[in-house]
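Chain lettering (A, B, C and D) follows the sequence in which the chains are written, and residue indices restart at 1 in each chain.
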Amino acid sequence: MKVLFFGSLREQLGTGELNTALPDGVKTIGQLLQSLQSQGDAWKLALGTGNVLFAVNQDMVDENTAINDSDEVALFPPVTGG
Amino acid sequence: MKVLFFGSLREQLGTGELNTALPDGVKTIGQLLQSLQSQGDAWKLALGTGNVLFAVNQDMVDENTAINDSDEVALFPPVTGG
Amino acid sequence: MISISVQEKDFDVGEEYRQLQSDDTSAGANIGGIAIFTGQVRDLTENPLKFMRLEHYPGMTEKSLQQTAEQAEERWPTIDIRIIHRIGDLAPGEQIVFVGVSSAHRDAAFSACEFSMDILKTSAPFWKKEQHVDGASGWVDAKDVDQQRAERWQDSE
Amino acid sequence: MISISVQEKDFDVGEEYRQLQSDDTSAGANIGGIAIFTGQVRDLTENPLKFMRLEHYPGMTEKSLQQTAEQAEERWPTIDIRIIHRIGDLAPGEQIVFVGVSSAHRDAAFSACEFSMDILKTSAPFWKKEQHVDGASGWVDAKDVDQQRAERWQDSE
């Protein structure tokens, strides 16, 4: 699946896009956020703030939203447009 | 004193401006409104609607506002600008 | 800065907007938002409208609009407030009124703009008379809803 | 009619206003009011700002703005809603965002315009990064007050 990162998250992680298989046992986007944090300290630091927003297929969703391998998933900090 | 009329009042009365001495016993603009109604049926009809606004020296005021001979006084219907 | 104009001639929203933007001597790049409202002559009557005649009380009109803008300036941190109100005969679709507010803050710009329009509608001495194509004419009645909209600013910020 | 644009290039408020005014094929002289808001880059930091970098999530941005305009259209009787949001590097004083709404009614124009701005601020995927003259830079934090302003539309019309 494709996981996109934006804003400060993109910068902290040093990447705007991750192509990965949906990890075993991960059924929701909140679980994906947890799983990604095990990839290393930088990931834990960037994603463990409790201040990450989720989008699935370009709609903002909450952490309990189910995801599957064909979804476009994005993680980003609170938005600051306008 | 100068009494100005605007909008439908001006049209109903057939005049936009009345130059008159302040009638005896008239101390407030509400009393002036009453007094003017005694000038004839057209005046009673136009001014007796209970729907007349008051301005003294170009400020909107209530009926209890005191007036004197040197004031610029205006009577008009509710405004409809904008 | 407050700018008030009561005029027969039309106004150009693009130009008025540039004026609001360009008050840089005092505001520099401190303008965060600009809110604008314009009102137009509608033709909603069954009897087609030829034009709307706007009558006013010269002198008091400018004074009233100035006071409204000053009240807005006291309540919200605005930079510039510009109010233009036209008088005379205005055809359907023509612009009647412009209110523009610049501020460091979006909420102040919106509130001061909407407040100015609501207060203007119930306190500035203008009167509209509809002139129809068939020759009929009639004064426009004040609306209760305008009075209610003006009054809601009395008890809330 | 809804028009959404996410673009690097600047916009002309006068031209956008004309577009709102000229949707006469459907609206005729039914437009009673037009409300417009624009946002600009402010330079309020002690450390002078060189420019603001606007990053976004292509695709989702347009979808989000479209949904916001559709929500406004459902809640208020609007005629046209136009939203423009710029991306890229914007210097202090430059325009960032335009929201314009035409309606038969002044309250609908104001509310739909302010609603669209408030919802956009908390749901459209844009992120601002300040780039200072001295080379320093930093992401702009989201503001609680923006969240509160968006939430107030949930329980009131």
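In the analysis below, a contact is a pair of C-beta atoms (placed from the backbone, for glycine too) under 8 Å apart; a residue touches a chain by one contact, two chains touch by 3 or more.
Note that the structure is a prediction, hence the values are computed from the model and not measured.
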Going only through chains that touch each other, how many steps at minimum separate chain B from chain D? 2
Would you kindly tell me how far, in whole Å, the mean C-alpha position of chain C lies from that of chain B? 26
Please report how many Å separate the Cα centroid of chain C from that of chain D, as a whole number. 22
Length of the line joining the C-alpha centres of chain A and chain B, rounded to whole Å: 71
Give the residues of chain B that touch two or more other chains, as numbers and ranges in rising order. 82
Multi-chain touching residues of chain C, meaning two or more other chains, are 39, 106, 117
Touching pairs among all chains present in the structure: A-D, B-C, C-D
Contacting residues of chain B [partner chain C, same complex]: 4, 6-8, 10-11, 55, 58-60, 74, 76-82
For the chain C and chain B complex, residues of the former touching the latter: 39, 54-57, 59-60, 63-64, 85, 96-97, 117, 120-129, 139-142, 146
Along chain C, where are the residues that touch chain D in the complex? 12-15, 17, 21, 24, 28-44, 49, 92-93, 104, 106-107, 109-110, 113-114, 117, 149
